[in-house]
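Shared between the two complexes below is chain A, which has chain B as its partner in the first and chain C in the second.
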Partner chain A sequence: MTTALDTDVRPEDRFISAFEVNHGQTLNGTSASISQQREDAIERFAELGIPTNDLELWKYTNIAKIIDRPYTLPLGAEPASVDPSQIEPFLIDGMDAHRVVLVNGRVDESLSDIGELPPGVVVSSLAQAGKDHPDVVEEHYGKYADFEDEAMTALNTAFVQDGAFVYVPSGTVVEKPIFFLHVTSTDQDLFLQPRHLFVVEDGAIAKIVEAQHSLTDTQTFTNTVGEAFVGEKGNLDHYLIQDEGPNASQVHTRAAQQKDDSVYSTQTITYTGEVIRNNATVEADGSFCESNLFGLCVGKDDMHVDNHTRMDHVQPDCNSNELYKHVLNDESTAVFNGKVFVSRGSQRIDAYQQNDTIVLNNEAQIYTKPELEIYADDVVCSHGATTGQLDDEGIFYLRSRGLSERRAKILMLQAFTEEVISELSIEPLRDYVTDLVRSRFATYV
Partner chain B sequence: MALLEVKNLHVGVEDEDIKILNGVDLTLDTGQLHAIMGPNGSGKSTLAAVLAGREEYEVLEGEILFDGEDLLELEPEERAEKGVFLAFQYPVELPGVSMTNFLKEAVNSVREARGQEELSSADFLQYMRERAELVNIDADLTKRSVNEGFSGGEKKRNEIFQLAMLEPRLAILDETDSGLDIDALTNVAEGVNKLRTDERGFLVITHYERILRYITPDRVHVMLDGKLVQSGGKELATKLEEKGYDWVREEAAAAAAA
Partner chain C sequence: MSTSETEYLKGKASEEYEHGWYTDIESDKAPKGLSEDIVRFISHKKDEPEWLLDWRLKAYEYFEQLLESGHYPDWAHLDYERPDFQNMRYYAAPKGKADYDNLDEVPDEILETFERLGIPLEEQKALTGVAVDAVMDSVSVATTFKEKLKEKGVIFKSFGEAAKEHPEIVREYLGSVVPYTDNMYAALNSAVFSDGSFVYVPEGVTCPMELSTYFRINEQGTGQFERTLIVTEPGAYVSYLEGCTAPMRKENQLHAAVVELVAHEDSEIKYSTIQNWYPGDEDGEGGVYNLVTKRGICKGDNSKISWTQLETGSAVTQKYPSVILAGDNSVGEFYSVAFTKGHQQADTGTKMQHIGKNTKSTIISKGISADYADNSYRGLVKVGKNADGARNFSQCDSMLLGPDCGAHTYPYIESANPSAQIEHEATTSKVGEDQMFYCHQRGLGEEEALKLIVNGFCKEILQELPMEFAVEAKELLAIELEGSVG
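Right, the complex of A and B next:
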């Protein structure tokens, strides 16, 4: 079942009427609390409206313009047949993983290869989890990605149908990465809203890799919301590769909550896309948490990439590291707005935030705004941003040792991005990203 | 044929009405080590930069022949391939660029241009160890990013190490001795002495005579206002150290007036 969004009415109303027409087409329609959340969410979405540039948090990213296109909003499982050979190019060489392929936001079992999981571990679709593990879903779903102030999260919540689900019970270690391969396959202009939930309980350890790709040239918009929970002494590495091609736009919202002594590390690699907005929020809701937020964007053509992050320190004795790097060429634009928030009483916080950008020409642009908001007095917090060009002195130094100008530039760009890529804890993924970035740099110079 | 012939070289700064070199003449043969001394701002480092191919300088007149070939026509990397090496006065820090990767790429591009085979990783590491030992460099330096966090002395010694790795035909040392303590100075000098061969020429640019006590020059030239105004043997360096540059300046003025 689909609904073509009528472009004669304002976009908000298109979604609201689609919601009303299709009442009940939802994830686990029997769950009273999720149904209630949907109702509340569409109401909140109607009040907030689609964000415009008038809002400080959306000042440099005009998402309303992109959403105001005649997308088709799928409200049931979109039949799509994807051949295994089509996903072959998206696999990561040498990464032995529990693989789940989602086509248009829904798990495709024939393309997936989950393999053997440790006892109690669940890797499935969110819809399936709603049936098989309602208690886990009930406990965590909708608890971390707040839609009160985020219209796009409200919209996703109102239309929630399916997405990825991971559950790692207490004390369990999943050694191989869990790999979610998101693929768009359609001949229409699609508006997709996948919803993911990753739960890593006390003392559990997991690595999740998500990669977004597209098999279509149509215009697509993906409004993703992902929630992650890391219990006491738990450890979750959560990586995202965005490579959907020049016709795909998205708002990608990730919200994680961690408990005492846990580690959550996330990294976003943005490789292709039209307009991309990432919202990454981490709440360290426990003492002695370590939180790592990294990001890398290699811009080309007229890509627009906006990374908003929020690091919430609401408990004492935690540390967080944040580093986002951009390399921008052509007419690409990047936006970085990172906020570190330290609440009253969250003493002995050690928070570091940095954004560094290399702009290769006069057309590419970066808007950067690192922010600290601190209400505790015994903390060490630092933030900074640098923007510059490749260092001519460095290039000359390398050339004087026999490297061509091109090799010198590529070597320096690789060195610049290496600091972020080296944080990826999975070696084949590191190699994959290094190759991606290197092939992009080869087109620059 | 001389290794290096600089003929009536006049150099200015691109887009600015500034002249730095005003007719430099210099001939250097293989197996020779020449020193160029002179006060600050006399144009010594500019000569080194022009030889290495730095682009912000504009050659207004004259020529530079390297093995009889017009050096000014070549890009900096082509000069390196042909065997020109500049030890920088201020070596550049390259965070994230590992010494090993950098040197491997540099050595192999130079080898390729000279018709030699690329070194395998194992052969390269072996070669790097040997050269580090030759110039008495701590091999741990090669595990770091290029010059990042290096002390002043380490940076200068790293230049000598790169010189040993790249085996150029012409090595230009641009104030490699300045800012060094006595241990680092003797270390750099020992490295240079080990690398002196009949096939290689050295041009040592320095402000002070002291390094020339350790590396004996075949010729010493004095640069003043963008010209080489005096040349002599190693005793000229001692005289400059004792008497300063005023007498050179006076003699040059007298010669110009004559």
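Right, the complex of A and C next:
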């Protein structure tokens, strides 16, 4: 069942009426509390409305304009036939992983190859987890991605149906990366809202890789919300590659919560897309946490990438490290808005935030706003931001060593991005991203 | 924090505001409230030309619109009650004549007021060579050194006088940098401003002395709305200083000033502020709302505007002295120390708009927070498409003294030119234990050590101030620290 969104009415109302029409459609096998949350979320969405440029948090990204297109909102499971050969190009060479393929936000088991998992570990669709592991879903679902001030999160919560699910029980180590391959395959303009939940319990270790690709030329909009929980002494690496092509727009919201002595590292590689907004929120709700937020965007054409991060230090003795880099060419635009928040009493926090941008072209634009909001005195917090072009002296040096100007520039750009890419802990993935980025640079000069 | 420090802090916190006395001069006040009639009343009182009244009325109309549609500029990291514009007086002049030809005519009470502020006119005249334009409440009381400036062709007058005597210049530049449509408080100021300073430096003239104005809100229940306009013709140079104080009041007073600077080719304006309005008592009651719009434009090539500020007072401060770098090779600078303690709140910073080619800007901001204060830096560096070779360096450091205060940084960087080089860095930390230890080891006590470290932290800024002010600034900072360091 689908609902075509009527473009004559206010975009908010289209969603609200779609919600009313399809009241019964819900996350399979979920509890009353989740249903209640959906009701609250649509109410909150109605109050907040779709974000406009008037809001400080959306100042540089006009998402309302993108959402106001005649998208189709799928409200039930629709079989989409994707041939295994079609996903072949999206696989990462040499990365032996537990692979799950999601087509239009729903797990496609015939394309997936989960393989053997350590005992107790669950990798499945969220809908399936709602049936098989209601206690885990109940405990963590909707707890970290707050929709009180985020209209897009409220919208996702209201329409929640399916998505990815990972559960790693206490003390379990998942050696191989868990790879979620998201593809869109449709002949319509689709509005998708997948929802993911990743739970890594005390002392457990996991690596999750997500990659977004598209098999269509139609316009799509994906409003994703992903939640992650890392228990005491847990360790989660969470990587995302965004490569959906020039017709795909998205708002990607990630919210993670960490407990004592845990490590959470996330990295976002933005390669293609039309308008992309990433919200990454990490709450270090325990002492001695380590949080790493990295991002890389290599812009081309009229791509618009907006990275918002929020690092919440609500407990003492933690450290966080944030580095976002952009290379902008053509008419691409990048926005970076990072916030480090240290609440009262969260002493001995060591937080670092950096955003560097290389602008290659007259039409490219960068808006950056690294923020600190600090209410504790015994902290070391710093941030830095630079924007500029390639260093002439560096190019001269390389040319004097016999490199062509083109080679010299590509090498310098690679060096610039290496600092972020080298943080990826999976070697085949690192190689894959390095190649991706290098092939982009080759088109620049 | 050790117990001795806590006790010391408590003792000092109960100390009274040094400049908190009230001069009893009969004053000529407008009735409370704001209306078109009040705007006309002010204009009439000041015997203004028709065009100025028209301009005020237009601004007032715009202000009304903003008020009705609720366009309060309350997006900053500040928490205060919106001022009640009807419960305020918009004009209060010391009774009698508004202008004095020489110092002897100035009533003794007023002179005494300034003497207690530490700017005895006579003494300054003799010793420091600073010409002082003292503005109490709203009217310019006395301007010294007029003669000497006249020789050079420098015009340094109260705004009211200038509007009458040099209407062509005032008319050309008034509102050209900060139009009344800029924001609510700029609109309010444009409608009801009662006085301020006007400086005009003709072509090729280097102003022979530092020009200085002291502002003080004296009357109860008044707001202060002064307006400053400084214009430098090609090749001119002027350094201008302003200082501010207000007596202790239970209620909150509003200070909504507008400062406009216009620098033509090869000219330079250096604008320094020491702001020490009454910050409110230890419970956060009373104090001045300092909501000010300051902006300069580097109109001509190779021009330069430099803002230096030391902000220690006011219950609430919201101001962003900005520079529009329109001319090629123009330079904008912003040096700021903001010290907040008690329940003070400050949201201050700058905007650097790079429009011309090879424009440069430097931002150095130091925020110090103590007690329950909140101190935010908010700044914008914007590089336009055609601003080839634009260069910016920003550094914002915050120091936290105590566990209950806050320090925040909100830098905005917008660049649309690939050849622009922008660097921003910020740090937040407390006074290092190692630094303290080192000082102790050298025989310095707790307080002396802190003074030394904080002074070092602010040194980059303080050395930008003209000499006379730098001494005062250091003392002011030391006094402030005595009350709050722990």
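One rule holds in what follows: the second predicted complex is superposed on the first by the 443 of 445 C-alpha atoms of A that agree within 3 Å, B and C clash if a C-alpha of one lies under 4 Å from a C-alpha of the other, contacts with A are read in each partner's own complex, and residues count from 1 in each chain.
Note that in this section a residue touches a chain if its C-beta (ideal position, glycine included) is under 8 Å from a C-beta of that chain, and two chains touch if they have at least 3 such contacts.
Everything quoted here is computed from the prediction, not taken from an experiment.
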{"item": "Which superposed partner A:Ala376 touches (first chain B, second chain C, both, neither)", "value": "second"}
{"item": "Which of chain B and chain C A:Asp302 touches, first, second, both or neither", "value": "neither"}
{"item": "Chain B versus chain C as contact partner of A:Asp68, first or second or both or neither", "value": "neither"}
{"item": "Which superposed partner A:Phe396 touches (first chain B, second chain C, both, neither)", "value": "first"}
{"item": "Touching partner for A:Thr368 - first (chain B), second (chain C), both, neither", "value": "second"}
{"item": "Which of chain B and chain C A:Leu360 touches, first, second, both or neither", "value": "second"}
{"item": "Partner with the higher number of touched chain A residues, chain C or chain B", "value": "C"}
{"item": "First, second, both or neither for A:Ala385, with chain B first and chain C second", "value": "second"}
{"item": "Chain B/chain C common contact set on chain A", "value": "none"}
{"item": "Residues on chain A engaged by chain B in the complex (per definition of touch)", "value": "391, 393-394, 396-405, 407, 411-412, 414-416, 418-419"}
{"item": "Residue ranges of chain B touching chain A (in the complex, touch as defined)", "value": "52-55, 75-77, 79-81, 85-86, 88, 91-92, 94-97, 101-102, 105-107, 109-110, 113, 145, 162, 166"}
{"item": "Chain C residues touching chain A - in the complex, by the definition given at the top", "value": "75, 77, 385, 398, 400-430"}
{"item": "Touching residues on chain A, where the partner in the complex is chain C", "value": "56, 344-345, 347, 357, 359-362, 364-389"}
